[in-house]
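Shared between the two complexes below is chain A, which has chain B as its partner in the first and chain C in the second.
Now for the complex of A and B:
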């Protein structure tokens, strides 16, 4: 297990490195750059451009630019925003945005788990009967409804339709107004949560059905074990590994920042920062967001790997270790 | 004295999309408190379904349609699910064939045994673990204290089967059902496992219901045997009687397909044809299409299980008449 984790961690670092290289190169290929964004048309002149490029270090050869950027990251310096927040350190901006995204992610994931577990379990236990059909239909709907659509629908209903206007859009820190905080995060969290709930419950149902057919479930029944114990220790626990993979994917995706949902609800999260950064050609910001997002994914995957070992001793002890 | 188990007219069917599978079709048999009864037949003959019916573990789309299953004189088919849970694992236990899939991969074998004790005894947590280790020792697992905290995949096939047996006997059941307990094991281990079961049976005094497709296993272990074919009991006899005087053509076919231990084998024979489709059973005798002796009447009349001599019952129109009942087997 330890060797396995070390291997996975090494791969993670490698992934991060490749991702940094990719995003760096891609941003250099994209037409337009921060200088275009910074200079107003009437002031445009080649000398000013050259001077700006020099000041920003954009006149250096690409490999030097990359090396300098990477070196700074290793020292914990993600660079300085060029366009969006001129002169502000990217690390600081990112942290504030990540806090919002993390709160949204936590709320969304809680909703997803609270919905998907009962739904998946009921679906599996009442297989092919009415509750199962209804829940599966719902899950199918959840998977196939685009987030932007559900988001807009919720805004229309709760933000516009309700007599007593439910403040929709924007973000209020928890410390300022806990109720307002919840109101503003709830709708986007419902949008994201139902999306992931559908995926998780479908996986849970399939995995539980497989587990229900396993021999040890029959043995447990033949030993007269009560249904609850059987459900938890024989069915759920052994059905968990693929489900944890899906939950990990969801957690990773949520923490990376939900671009569309954040933009839709005007939440100052990681996803909306990415979009703003791209529009403004704010290279350090975009690069940092991508690297941090990939880093989060790598970390979440490592946690998922650890969970496998906890859930299944065959993974913990490896093959046939006696 | 009434026997430990008496099954009367058991009918178990499965309502599949393809049709109704008559898995067990009117079984009558009994099993004594200290007896080992063998049930022999090909796969699909209804052996396992019979066992699962006794345990009341038949699930959708299966249904026990009729009959009585008297255990210590009480009809199990009239028990509530709650009452059945108290009987399963405590009064009646079952060991399945594949020990790897039959054990929970996420729990140590000790924990799995202790778990059974938790619901059927009043032992404390520590006493349960101690008892689990004792049980592992009783089924001949070396270093039981260490093995108890091993996971199934860390044990060999033979040891896993022993652990499964330890779990099944943990609450001193009156009846132990073994469903081909050694098919996944090699021959030397198989002999050891039967040695163990024989020993446990003598020590604990329980009835054993042994399902197998191997007549030679039955010969060395059971006092009486039931032969099943396509959901029906076709012959029942004392093990000695069955070998000396097999009456049903199917039983004879089975016996001819076993190589003798001594002397020259004339020729090992197989039974021609295939097991019939349990959804579309042939009219008359189920074995008719594969039987050399079958005639018109066999294709029309369903044979009843009749007693031809004390304890020897057979369902065949060609036997039972005095002309064939005697010692020409």
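Now for the complex of A and C:
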């Protein structure tokens, strides 16, 4: 197990490194870039351009630029924002934004888990009967409705229809007003959570049905084991491995949904920062957000690997059992 | 697993072609039929958009006295022209824009999936054929790294790299729509590579490939003429499911203002514009594009699930 984890962790770090190299060079192959964004047309002249490029370090060869950037990161310096928040250190902006996105992510994942587990279990146990049909229909709707459409619909209902201040978006820090904080995060978290709840409950239903049909479950049933024991010990545990994969995928891709919900509900998180950065062509900001996004993915995958070992002894004892 | 034996199922001499077999399996599931109908409806809208749209999608009409754009469904403009689904903020016909927007959406989705398939299938085929060598290792690690990016974040970053709008790389000028197709194709090609590699690995172990090798067929011939036909079913399933994802990603990019640019009719962009008019109660401005995107994703999801069940019986048994 340890050898397996060490291998996965090394691979994760390597992935992060190569991904950062990719995104770094990609953002620099196309001419223009931040210099275009900074210079107003009437001031445009080659001397000013050259000077700006020099100041931003964009005149160095690509590999030197990357080495410098990477070296700075290892010292905890992510560079400074060049367009959006001129001169502010990216690390500082990122931390503040990350906090908001993390709150949104935790709340939406909790909602997703709270909804999807009962739904998936009920669906599997009442298979092909009314509760199952209804829940599957709901899940199908949840998978198919785009975040932005559901979000706008909720804004129309709560913000416009019921005239709630929190129904139109915005962010209030927890320290200022905990109740307002929760209300403002609620709708975006529901939007983000719906998507994941639908995916997780569909997978949970499918893998529970598979587990229910397995030999050891039938044997246990025949031996007259209490239904509750049977469900938790034998069915749910066996069914968990693919479900954990799906939950991991959802958690690793939370930033995808966060981009949309944060822009729609005007939350100052990482997702909206990414979009603003792209608009403004603020390279240090964009590359930092993307690297953080990949980092979250890599970290979540490691946690998922750990969970596999916990759920499936074959992986725990067998080195790399996958 | 017990199942009632249906009448005629094991009739002697009932030989069916593969296509008939597929249709029989596919038809059994009502939901996938609905998905198929929805997808056909969208194809119809996209192909016949110029005939179906009552007005030019970018022509602006003036509201009559006492009214303002956006106008609700069934309103008329100064000259008495009827707008079935109302107008948008510039006085353009929502119905026509929705029809053309659907066309653009499908164009981008089909275009990017085709490019993604081309890249992904090539990568996967080479990796699978050279399994265990450094070529395979290199390609698959590249795929792993691509997949470690959350997909929308990667697409946005690529738009960030290329810039919004059309791009120039040296002498080549790419229109915005082609650029978006490329961005989405790059984002999703690794998934096709994985499917293709798995299929090639599976087929390579079979006798017919060994026979082809012994009879001296070249690698290219074995890959293209022997293995590729067997890869078609799983690739079709993947493509149909990916269409749903691509429709979502394309409209997400447009919704964020990073995809298709005005005045081109785009469903995602319409939703973005509509946000400013929510407080006017302009529900039609939201419901029409939002509903069309949702229904498209639903259709492709249902069709993809149905195709998977019909083409891959092993998976289907697991899911039932």
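To be clear about the criterion, the second predicted complex is superposed on the first by the 307 of 322 C-alpha atoms of A that agree within 3 Å, B and C clash if a C-alpha of one lies under 4 Å from a C-alpha of the other, contacts with A are read in each partner's own complex, and residues count from 1 in each chain.
As a convention for this text, a residue touches a chain if its C-beta (ideal position, glycine included) is under 8 Å from a C-beta of that chain, and two chains touch if they have at least 3 such contacts.
All figures in this text were calculated on a predicted structure; none of them were measured in a lab.
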{"item": "First, second, both or neither for A:229, with chain B first and chain C second", "value": "first"}
{"item": "Which superposed partner A:83 touches (first chain B, second chain C, both, neither)", "value": "neither"}
{"item": "Which of chain B and chain C A:100 touches, first, second, both or neither", "value": "neither"}
{"item": "Touched partner set for A:259, first chain B, second chain C, both or neither", "value": "second"}
{"item": "Touching partner for A:140 - first (chain B), second (chain C), both, neither", "value": "second"}
{"item": "First, second, both or neither for A:18, with chain B first and chain C second", "value": "second"}
{"item": "If touched residues of chain A are counted for chain B and for chain C, the larger one", "value": "C"}
{"item": "Chain C-contacting residues of chain A that also contact chain B", "value": "none"}
{"item": "Of all residues in chain C, those that touch chain A in their complex", "value": "1, 144-145, 148-154, 156-164, 167, 169, 244, 248, 251-252, 255-258, 268, 271, 274-275, 278-279, 281, 283, 286, 290-291, 293-295, 297-298, 301-302, 318-320"}
{"item": "Residues of chain A that touch chain C when the two form their complex", "value": "15-16, 18-19, 22-23, 26-27, 29-30, 32, 140-141, 143-149, 152-153, 155-156, 159-160, 206, 209-210, 213, 252-256, 259-260, 263-264, 274-275, 277-279, 281, 286, 289-290, 293-294, 297-298, 301"}
{"item": "Complex contact set, residues of chain A against chain B", "value": "214-216, 218-226, 229, 233-234, 237-238, 311-314, 317, 320-322"}
{"item": "Chain B - residues contacting chain A, complex", "value": "55, 57, 84-90, 93-94, 96, 98, 101-107, 115-116, 119-120, 150-151, 153-154, 164, 167-168"}
